[in-house]
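Chain nomenclature is as follows: A, B, C, D and E, assigned in order of appearance, with residue numbering initiated at 1 for each chain independently.
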């Protein structure tokens, strides 16, 4: 009755594989340097292994981005995407093995899979929405808009499944649930209501186009929260602004439950070591 | 008044024993390698003990399956079933003794007992349900369906009590409660309501037949959550899909409270050591 | 207005003492072996101190029972009762001193006092309840039942205050509160309602007579939960069954909040060391 | 509108000082002995420093009382009061410096300030209450009662601000909040309602006069809970009894949220060392 | 519909930068001395590095204030503000590197950005409010008040964005959220309601002018709470008084959720070392 959508897609054929049919596995890993084991600086040798852990030659993942992270809980974070979950996790294992695990402590992580959500309208659904919102069914602009959407949709879905990570300085990461408490139960709402709320929520986000870019990946059945949100921004102020603005959307105001927030700044292995003052003195 | 079922089964005769009358004890154990004590690799000796801990000769449990686990909290997990709780726990003790406990830290566990739940219809209840759903009491198909169910039921119950673990690559593990908050109190609902919701929930699961297999074991009175869910899947995507789909069922949407989720990939002792990069260099 | 009972008992005369007028102090202590400090086995010397900690000669408590505990958080538990709180706590201190504290880490504990609850009917209240439930005031069976209750009551209260611990293989331990949330506030209910719910709850328990035995001790004002429940069982299955059955009682379904559950199996010091594989090789 | 009282007192003149105008700073500090660093006993030297930490000569606080504490989380606790917050905290710093911090680990603490609450009636308010409760305005007993209250009030307020700690064997300590959830929001109630509930609550407590004595100090704006409750008792049973009785008062049943409870027994430094079996063998 | 304000400000132009357009990055960092690594006193060398960490020469932040903190969780705290988030975090990294991280453990932190909230009235909004509250539109006092506000506003906003930290002895720090539970959902209220509640809340605070000064910085999208509150006071009693008084305001009573509270006392590096008794004996 409250099925995600009217027609549930039949599960895909039953072949044993760890590779999802559409999306990629996604790992968000956060660490701090252990100042007991590492009171001062990394040795040249460990620093080199640290650099190599971000750029593995054998099992390089499809995507990898790294950040130094504000605050006391986490010193740096790595976001990884790949069709193979073992390749994603190998980045974490690489940062924990070969002596690195003694000086680098994991602080938080989240595993998820990218997907095109059920709330992304198909071309036909997009057309119907435009008409519902007042465009005349025979208006030339309708056809034009629909055609444009039809051209854009594959790219947008590609970005949802296998995103290009923007070269922007700031990012924030947080997991979330939709609440199921009496009086605010997202999963008891009919698809039409949820769809309308998500469309309005998407509109809020569009106001930040070219300032903030996002990836929503799914943790349901995989980790402790239902979704993982990754926001990339041209300025950390936009992270504050967009999350604040969107919190007033009904989908968030009434139904969203948030986990920990981590804000980070683009940095490769050497920049991380420098920011954290653990870079060897002989670089 | 809200008794689990109209006629409560009388407890079985009072003999002192640690072996349940019907089900098996079940242990889910999750560990991480301690990278302080084990900055690099296991010695040949410890690696051998690690292998032996998964295949004890003296007290081999009836079932044992192992997985490497995604994310930072846990490196690997073991699921164990046996009539004797000491045999189940001996797998955990084996992974903590003989020097292994210094390099392997327990991260989470759950103890439970397998059972045939009160919501599994008896042959007669199954017949009544078919009639209630519209089948004519004298229709030949009714007799055929009931006869088929009667043949299937012992096997299905055997799978509920002493499951064969499928040879599938992915699995996920999580505990759950039924909520008792004002406005969503599972245990205040009459049996008929609970039974109907569980039947609908089971229907949702059947859509994933041959893609996902499950075991529900009971933690009530034994551990901090009421139930433990084990899902095995041909593809990790199905874990995401089934848990998402079923979350819309009233039994979940309104009443389920979830604990931590762990997703894992089938791996024996050597595969775990290799994935975690702690395998000795001389294999 | 919502006083525990109509006539609050006046506190007993004001003399300084740590010994309760009626009940005994009760301590539940749970520990795990520290596999860093104890990677392999206990020395003969420490094993001997471990045995002595369970059987102190100077300050032996009135009751002491020990169990190995399932799962990763706790290896073993000890339950202690005595009129003197220092004697109860001395068992804990004994397991932490003389070198034992380095290899045995406390994981959880609860301090409480045994009592006869306000819901245990007096002989007169018992008589009134029988009449309320339909027995004729002049029926001979009424007098017989009341006389039997009058004979039984002192023994039952003795068991509530200074219980004999049954020689049964399994036990479970958990603390609980009565909820005070809007819509389910136990402490806002009148005594008559609470009394009726507790009487029904007691009836549920009676179905498990000779299979499960219980002790309810009070933590209000002493520890973080209001009550501590100790269940002893002839079979661990009965622990699962009784807690599940009783969860449907209104007193539990609507009002109970539960803390951690620990399930254990009867074991003396040597059995604990053997189960946990820390017994010295020279026994 | 829901101001604490009709006429808010104007804040006192603005002079820079760390000394409150009326009350004293209050610190509750709880510790356990670290059995890794201290597997056996304190050295004579550390034992002497331990004693001195309870009786500092330079910065002796106005009040200091110490207790051994039941259970596994805490071994002992110290309660300190002084006009100067640095003097209060110096007791904690004394127990952590000079080598003591290696063997004594802090487990919990609370900082607060003593005050005369807005619910303590002034002489005039007391007179009005008596009349409201039925005493005739011109009755001689009214004048007598009011005069007695007027004599008692300064002493009672002195005890609220700068209490004498009774020489009784048992004590319990816990922090609390008043709830602000929908349906039970203490801070949305008018002063008259809150005042009536607090008066009834005070009546409950009076039944335990000369058995239990209390101090309520304020943590609002200073620590994680709004109030800290200290109860001293002639018998630990009274702690259980009073907290249980008062939980039925509306002010508690509906509005109170409780933090951790610690129960302790009067003990000086040497008694603590003896109870915890860390006293040096050469006393 | 529930947008923060009727006309949402368009995000500022899209240039890559880590510097916010208006506010400053703000870091609150709290630490304790590790008494295992530092059982006694800091070496002269570490003490000097500790002093330098509070006064870095290369990357001195625009604002830095330090405090010793009451209670067992935290020994001292530092509050830092700067346009560059790396400069803010460098204070934390400075306290963790060069050997200091071994003896100083981070306990809590919060990252935020200062801003002028949407509830600060513009000059025109201020004028309208005065009229709404009864001032005649053509009264000379209206023009005078508006003119005064127009003169004050830039200074007040400067203090909100780039505050001067007052030279007062006491301070308290805590994060907060606005609740979104059914029945008390701040983000579902219209702007006019929220604005009226915030105006009333501001009035409460004005009663403490020249006794307490505040900074509200925003953590939305940056850290685990939505706002960070910093209160500076001439007397710690005012911290207790103002937080208690304001808790009765509807904005707090009904909607505020509070995180941990830390109370501190102004202290430079040397005063912190002295208070915590870790100053080297040769100063």
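We take it that a contact is a pair of C-beta atoms (placed from the backbone, for glycine too) under 8 Å apart; a residue touches a chain by one contact, two chains touch by 3 or more.
Here the structure is a predicted model, which means the values were calculated and not measured.
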| item | value |
| --- | --- |
| Interface residue overlap between copies chain C and chain D, same or different (over half shared) | different |
| Chain A on chain E, rotation in degrees - Cα superposition, rounded to nearest 5 | 70 |
| Chain centre separation (chain A, chain C; CA means) in Å | 48 |
| Approximate Å spacing (C-alpha centroids) for the pair chain B, chain C | 30 |
| Residues of chain E touching at least two other chains | 181-183 |
| Arrangement of touching chains [line / ring / star / complete / other] | ring |
| Order in which chains appear around the ring, chain C first, chain D after it | C, D, E, A, B |
| Complex contact set, residues of chain B against chain A | 33, 35-36, 38-41, 68, 70-73, 168-170, 172, 181-184, 207-208, 210-211, 231, 234-245, 247-248, 250, 252-254, 256, 260-261, 263, 265, 275-278 |
| Sites on chain A touched by chain B in the complex | 2-4, 8, 10-12, 14-23, 25, 27, 29-30, 37, 85-86, 88-90, 92-94, 96-102, 106-111, 113, 115, 180-183, 185, 187-188, 218-224 |
